[in-house]
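What follows is a single structure, written as structure tokens, with notes after it.
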Amino acid sequence: MINVILSGCNGKMGKVISNAVKDGGTVKIVAGFDINTEKNFDYPVFDDFDKITVPANVVIDFSHPANLEKVLCYCTKNNVSAVIATTGFDGAQTEKIFDAAKKIPVFYTANMSIGVNLITALARQAARVLQGNFDIEIIEKHHNQKIDAPSGTALMIADEIKKELDETPEYVYDRHSVRKKRDKNEIGLHSVRGGNIVGEHTVIFAGNDEVVEITHKAASKEIFALGSIKAAKFLSGKSAGLYNMQDIMNM
Amino acid sequence: MINVILSGCNGKMGKVISNAVKDGGTVKIVAGFDINTEKNFDYPVFDDFDKITVPANVVIDFSHPANLEKVLCYCTKNNVSAVIATTGFDGAQTEKIFDAAKKIPVFYTANMSIGVNLITALARQAARVLQGNFDIEIIEKHHNQKIDAPSGTALMIADEIKKELDETPEYVYDRHSVRKKRDKNEIGLHSVRGGNIVGEHTVIFAGNDEVVEITHKAASKEIFALGSIKAAKFLSGKSAGLYNMQDIMNM
Amino acid sequence: MINVILSGCNGKMGKVISNAVKDGGTVKIVAGFDINTEKNFDYPVFDDFDKITVPANVVIDFSHPANLEKVLCYCTKNNVSAVIATTGFDGAQTEKIFDAAKKIPVFYTANMSIGVNLITALARQAARVLQGNFDIEIIEKHHNQKIDAPSGTALMIADEIKKELDETPEYVYDRHSVRKKRDKNEIGLHSVRGGNIVGEHTVIFAGNDEVVEITHKAASKEIFALGSIKAAKFLSGKSAGLYNMQDIMNM
Amino acid sequence: MINVILSGCNGKMGKVISNAVKDGGTVKIVAGFDINTEKNFDYPVFDDFDKITVPANVVIDFSHPANLEKVLCYCTKNNVSAVIATTGFDGAQTEKIFDAAKKIPVFYTANMSIGVNLITALARQAARVLQGNFDIEIIEKHHNQKIDAPSGTALMIADEIKKELDETPEYVYDRHSVRKKRDKNEIGLHSVRGGNIVGEHTVIFAGNDEVVEITHKAASKEIFALGSIKAAKFLSGKSAGLYNMQDIMNM
């Protein structure tokens, strides 16, 4: 059994994780951490890591960048693994994550979905094989309430593809204002917004008389919860170090 | 049998049309008009409409805006129908087409493909039914040599949709530079460029928990040739007037 | 304000409808009918229509075919409109629905989603225009727990398309066991099953060098709830008669 | 410069290859072999390998299984590499290819398209990562004249995926005749037939709230010609052995 302390347990993702594991399995939440200490599930909730005395194997953190220090401090002091699923850290905070990984197993990724990480890895390989003869474009679709464009995931995919390309690509967001042919080293990024689409990413490789497309469609944010649980299981028995989805996928 | 004079017979589309009808059927090319009078098929080619003496039912014009006057003059004088498949006319020229249509049957459309005209009509109906609750976005994909964006067809579809909307839509080409939610009356237009894609248009209606998509994919420019042949057949027996693909589709 | 009696209020769809209208608007649930009389929302729940004394404009029925008689009896007696969203009626029951529609406004459809009804109407039109030159295929995708294939909606779409075709089509489900070319009058029906896909239907019209596709994707069953609410609003002020989504869409 | 003897030079694919290299580059056809000795390009055509005296680096064979012995005999005797792009060999013939590869570099693959081989490799990796939690389905689309279903390529993809799966999958072609839930170890194979679609393959991995799709679309058979030219270049400087697209892609 993997005993989990869930940081941010009363937030949206915290509740999704709590529901996902409540029907048994190898993962059990033994304590929650949250500013709001309402008890919504069958584990105790604390507003301070110092108050948590129940032994645990791993902390899953889906809370807020402001809690990072407390989480890492607790984990390193008690030799507990950490799955950092919170996003929005600054450079100094990222350094702290790297430092903690020297003492304990730390799982840290920009996107907790297995599927998104998989298509990123596949797109990177496709780019390596097809570059020079195929043009690369990315279409992402999200709900009409999203304020950033392109999505962070679309940029992550483009940045990963970039690592495989011999020539540095130029990201292009708008072609309507110019009258010119596509440059070979462009990567077009298109942000469709509409309805309550959860998230869809397609990488297009268009060549001479053939097109390769790699797509990921998310139907709910629950996939991020499942990814973090998978990460918690993965860390079990690992030695200190920094891990991410590539390690889980063994790609 | 419908006897056709093919204007622009030695151009790219002229040759496609000639090949499409050479194996018999109800359409026969009896003469060609082209500046280049090379004889590539079994009909005579002239560089002047005055030299054409063989009787015909219809002229299919796939040549150049500069030839419009000659084509219309020939047709009205000889009481021959006209399928105007050339594009790029200015306002004065368009007026001349409308004038001719008072004397003879004239078929004139911005896009000669049945499929494109069909999805335009379907998208317009979808917009009428779904407006208010669904967001509309258009993605078009073309080869990397195309210099204009969005495609004329994508704009035509958007303009037709606009006619059904209670609120005037705003066409949006780039969302990456602004950080704001989608406005209800936006129509997003996305121009994917890559490889030698002939042409693909998708209209997306994204609502709450459901999405409707209408797509047209062209695999060659031959579909425009087939459309013009269909138009020539359609004009047979019609009285003077202006006709387009909506009339053929009876929508 | 449209006052609704919700039949089947404690079922899955009943709860979705209750949630959808609880935040105000022009529709208000004034009473519920269910065998299970648990009170989950702010309206009273009865296990018998005779006990309902609060005046209402319309009954939305999302319960069970066995309740049909009670629903129609209540409606005709009290001159209340009926939205019949239950499915699985036999022929005799359908007759009763038709009979009731002679006395009161009745809304009855095989599928309560606006989007599904829209693409069915669009596919029918496309079939009318393209038949003879295009081959028609339908792909539907659903979750891995669905036991019937093809989906009722896919069959409904095929049956509607059939009404437009000059030649009676043959529905084809499996091509792997035969070695022969496609017949012109086939409609291929393909049932993809996987994960927890809610429901996706694509109608493909494949012609010479061009393809038209019409797709509907559902992300939740809530769209059926919204459709029934829309239907309830639509019936307001209507005279006796049988109505369906085509009437709402005015297509 | 890589000097090529083109076997089957007057066949459909032979002509496509001849056109593809005629505008210069590092590949030059120095002689053709064909039963039909018509001279369509600027290289001599022979009906017997014994008559070919011009030195060459590689034979590209796009002819007929019946010619295999002649091709391999010529290559091994003259120490010339062989790109075997013909399909339809029996077991004994395949053995002969393997034997020849002990003496000379031989390139042999079931599908000459880089894109198809790439998505096969990507689908295999996806299957390895996602198995157990995702259902796998394959949709292939081809023209209405194709007599076999599913396509050889769809089966090749399924067979490659199979190699990664812990449980042996069952290929399922028809779900309409049974009323049961999908088994976990099914791979659904769907053959869409319509118009003149050249070839499209999509592998779907459908999981809980997320779907991964990998698609290849071919717009012409030219991609197989380009693949064989790429293979010819690849063999240059290689030692004896059996090579395929995985080696070119370095995957």
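Lettered A, B, C and D in written order, each chain numbered from 1.
Throughout what follows, contacts are C-beta pairs under 8 Å (C-beta built on N, C-alpha and C of every residue); 3 or more make two chains touch, one makes a residue touch a chain.
A quick note: this is a predicted structure, and the numbers were derived from the prediction, not measured.
Visitor: Using the touch definition from the top, list the chains contacting both chain C and chain D.
Guide: Chains touching both chain C and chain D: A, B.
Visitor: Let me check something: if the centre of a chain is the mean of its CA atoms, which chain is farthest from chain A?
Guide: It is B whose centre lies farthest from that of chain A.
Visitor: Can you give the whole-Å distance between the Cα centres of chain B and chain D?
Guide: 38
Visitor: Just give me the whole-number Å value for how far the CA centre of chain A lies from that of chain B.
Guide: Between these chains, centre-to-centre, one finds 46 Å.
Visitor: Report, in whole Å, the distance between the mean C-alpha point of chain B and the mean C-alpha point of chain C.
Guide: 37
Visitor: By residue number and range, which residues of chain C touch two or more other chains?
Guide: 196-197, 207-211, 219
Visitor: In their shared complex, at which residues does chain C touch chain B?
Guide: 113-115, 118-119, 121-122, 125-126, 129-130, 207-220, 222-223, 226, 249-251
Visitor: Taking the complex as given, what residues does chain C use to touch chain A?
Guide: Residues of chain C touching chain A: 196-198, 219.
Visitor: For the complex, which residues does chain C have touching chain D?
Guide: 134-137, 139, 141, 144-150, 173-182, 186, 188-197, 204-211
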